[in-house]
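Encoded as structure tokens, the structure appears first; notes follow it.
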Amino acid sequence: MKKDLILKTIFRILTYSTFLATIGIFLVVIIDGARYFSIDFFIKYPSNAMTEGGVFPAIVGSLILISLGIIFSVPLGIIMGIFLSEYDTLFFIKPIDVALTSLSGIPSIVYGLFGLSLFCIRMNLGTSLISASLTLSLMTLPVIASSVKEAVKAVPVELREAAYALGCNKTEVISKVLLKAAKNRIITSALIGSGRIFGETAPIILTGAVFFSTHLPKSFLDPVMALPSHIYYASMAYGESAQWMAKASSALLLIIVLIIYSIAFTMRRGKIGLDNRGK
Amino acid sequence: MYRELKYLLNTITIFAVATLSIVILTLIFIFMISESLPALKSVGSEIFTSFNWYPTYDDAEYGLLTMIVDSFLLTFLTSLVVIPLGYIVSAYLYAYANLREKEIVRSVLDLLSGVPSVVIGSVVLIYIAPVLITFEIWSTENLLLTIIGLTILSLPYVVSLTYESFESVDKVLFESALALGSSRFSALFIVITRAALPGILNAFILTVNRIMGETMVVLMVSGNANIIPKSLFDPLRTLTSAIASEMGEVELGSLHYSVLFVAGLILLIISLILTWISKSIQRSWKH
Amino acid sequence: MDWIIEVNNLSAFYGEKIALKNINIKFPKKVITAIIGPSGCGKSTLVRCLNRINDEIPNFKVTGEIYFKGKNIYDPDIDISEFRKNVGMVFQKPTVFPMSIYDNVAFGPRIHGIKDKRKLDLIVEKALRDAALWDEVKDELKKTATQLSGGQQQRLCIARAIAVEPEVLLLDEPTSALDPIATKKIEFLLEELSEKYTIIIVTHNLAQAIRISDYMAFLYRGDLIEFGETSKIVNQPESELTEAYLNGQIS
């Protein structure tokens, strides 16, 4: 059909050009930024107003943030997801579901404000590692919970019934059968959550990130440097001579996040991992 | 005995954690409101009616209206670009693309959805803004660049959601339309779009919510000037970027601090309204 | 005798898997031909080739030819929209569009360029009358079609298909989702329609095939085992396989 041929061509051009442009941009970021990678870049502190040195403390800071963030959000997210999937006949599932959906729509900057007022000020934790990672984990909680819910829901009913038939009670079915059967997709959820934590900037500049630090955090109450906030400061606050720093850090952050996401989505498609049920 | 105890404990744990979501939402509300109260009390309605934002002057003014207008304006303009573009890309994928194209584009979308917004901000700043200079446009932080950044950010999101709602319609409806001699486009545009309407509207609302709440891209490339832009090359400032850029410098507990919480409260309420709309669209279509 | 569709050496594949093996068949004009056979034997695949709707399935391939009134429908030059207009199709589950009854029936004519409201009104009324649905819905044409009962929906799909005045009507198990009363109505309707249209119906229900069809094609594991007049096949099947199927030994 002629109409289809014309539209197909136009739509294809639009689709291809947006995609190639977007991919092109990110390739440029990685290629252009990776030119500045060196041993020093990974093991040194930034110096001379961000124009020299490396991002060692930012990398370490981000790794600590992500680890703490996961410790809080992953277990809670998994339990919430299981609740939403397995107890969905209860009357108060609805307010909980609504609350979680609302939480997942709240802008990250609002989480930042909340973290600032609750953790930093009210709980007197100050601008610190612990405030930032608590804020990040609150923010990721609904993301993890809703994808765990989908994962657990996807486990075939027969598996549950077989377990009940063997005399398992509900929590045993959950811990012995469902969690194992949905393991891959739960790991995917956790990975997506951590990818999100790793790149999030707005909440941590309010609650725990500093633009410069001469030492690694000595306690949970110390503020940290983190990779995303470092990119922000390096691209905004300093001139041309710090631009390489912003480029290299962006490339690094992008590579790390893309790796996390690739693993996550490859696992979801069942290309690696143990349980290939479902098909 | 031990087994029953364990069952009881586990069940209690699950219920306790689940209720945590309500607790968190309530806490967010309480804290946002209580931190906003000082400003709402002592500055009053001026916050919402004044365009003037001079929080650090002796004779301080705390009008958020410019930023409110800018937030809506930016969201509106970006949606105008990203929603039709997202619809077209999804339409291409659904009605025309072959299996290979579908797979490649969808995997790329999955990956792009994870690109942190701070990276997009720095991309626009470092790589795209200089392009404008070659067109003799000297403001390298402006509305146009912000729209570009937000488009890159939200396109994967809107395409995934829209495409998924197309896919959720039974394929046989598409075939029925084709069997009547309809073009693929009409089959998609008239039949599938209508059948998938709640999902599509939901996708659009979630995208709007995302754009409205985005901070880093706006903070980095909007120019952060408290004016309402008159052209694409003017700078602007949204509620989100105002909070992010000024919170670091305010005196804790001051009026300035409190007004920034009012800005956050506005964002919170907008996002809750959008979530509520999205939920009720889905609900009304189920019956 | 006249035929309208001629299938020549048609083989069909889903990826590597073969679904139809070298089928040769000529569908006669203005009669009901039933395609029967155990499930998975390729009945749907065959009818879905006849209007090329199986092109929609990724990795689906055919070899051989299908001629519609002497033209090869797999010819790359063919205007697929114009061709499909001549070969209507009704699916297993009713596939009403999420719009009003009127708009459902008017969908085809509108696609093919009829804009005039009065003309559309006439077409819609005629199609609904032909599909024996007019009396039931004439007062609520604006009602959303999904509110109709299953049997009414299926008749609406038939009305929608005949509103573009096709020559052939393909039906893939159109009554398998319906109750016996609705099924009877559709069977009756098809017999009426066969005076004007060539009807090719896939059915899993042997009694139904015998009741309504003039010709019968029996498929087994992708092969066309037997094709001929229904009365002849029922009384004196040539193949033992057909006989076994008719006796209920294969299903």
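Think of it as A, B and C in the order they're written, each chain with its own count starting at 1.
Convention: a contact is a pair of C-beta atoms (placed from the backbone, for glycine too) under 8 Å apart; a residue touches a chain by one contact, two chains touch by 3 or more.
Predicted, not measured: the structure shown is a model, and the values here were computed from it.
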- Message: By Cα centroids, which chain is closest to the centre of the whole protein?
- Response: B
- Query: By mean C-alpha coordinates, which chain is most distant from subunit A?
  - Reply: C
- Message: Could you work out how far the Cα centre of subunit A sits from that of subunit C, in whole Å?
- Response: 52
- Please work out the Cα centroid separation of subunit A and subunit B, and write it as a whole number of Å. 17
- Query: Hey, how far is the Cα centre of subunit B from the one of subunit C, in Å?
  - Reply: 48
- Query: What parts of subunit A, by residue number, touch at least two of the other chains?
  - Reply: 1
- Task: Among the residues of subunit B, pick out those that touch two or more other chains and give their numbers.
- Result: 183
- Contacts with two or more other chains, residues of subunit C listed in rising order: 81
- Residues of subunit C that touch subunit B when the two form their complex: 51, 53, 56, 58-59, 81-85, 87-89, 91, 93, 95, 97-99, 107-108, 111-112, 157, 160-161, 164
- Query: In the complex of these two chains, what residues of subunit A are touching subunit B?
  - Reply: 1, 3-4, 7-8, 11-12, 14-15, 18-19, 22-23, 25-26, 28-29, 32, 76, 79-80, 82-84, 87, 95-96, 98-103, 105-114, 116-118, 121-122, 138, 141-142, 145, 169-172, 174-175, 192, 195-196, 198-202, 205-206, 228-229, 231-232, 235-236, 243, 246-247, 250, 253-254, 257-258, 260-262, 265
- In the complex of these two chains, what residues of subunit B are touching subunit C? 98-99, 170-183, 186, 190-191, 194-195, 197
- In the complex formed with subunit A, which residues of subunit B make contact? 3, 6-7, 10-11, 13-15, 17-22, 24-25, 27-28, 31-32, 35, 85, 88-89, 91-93, 96-97, 105, 107-108, 110-119, 121-123, 125-128, 152, 155, 183-185, 206, 209, 212-216, 219-220, 240, 243-244, 247-248, 252, 260-261, 264, 267-268, 271-272, 274-276, 278-279
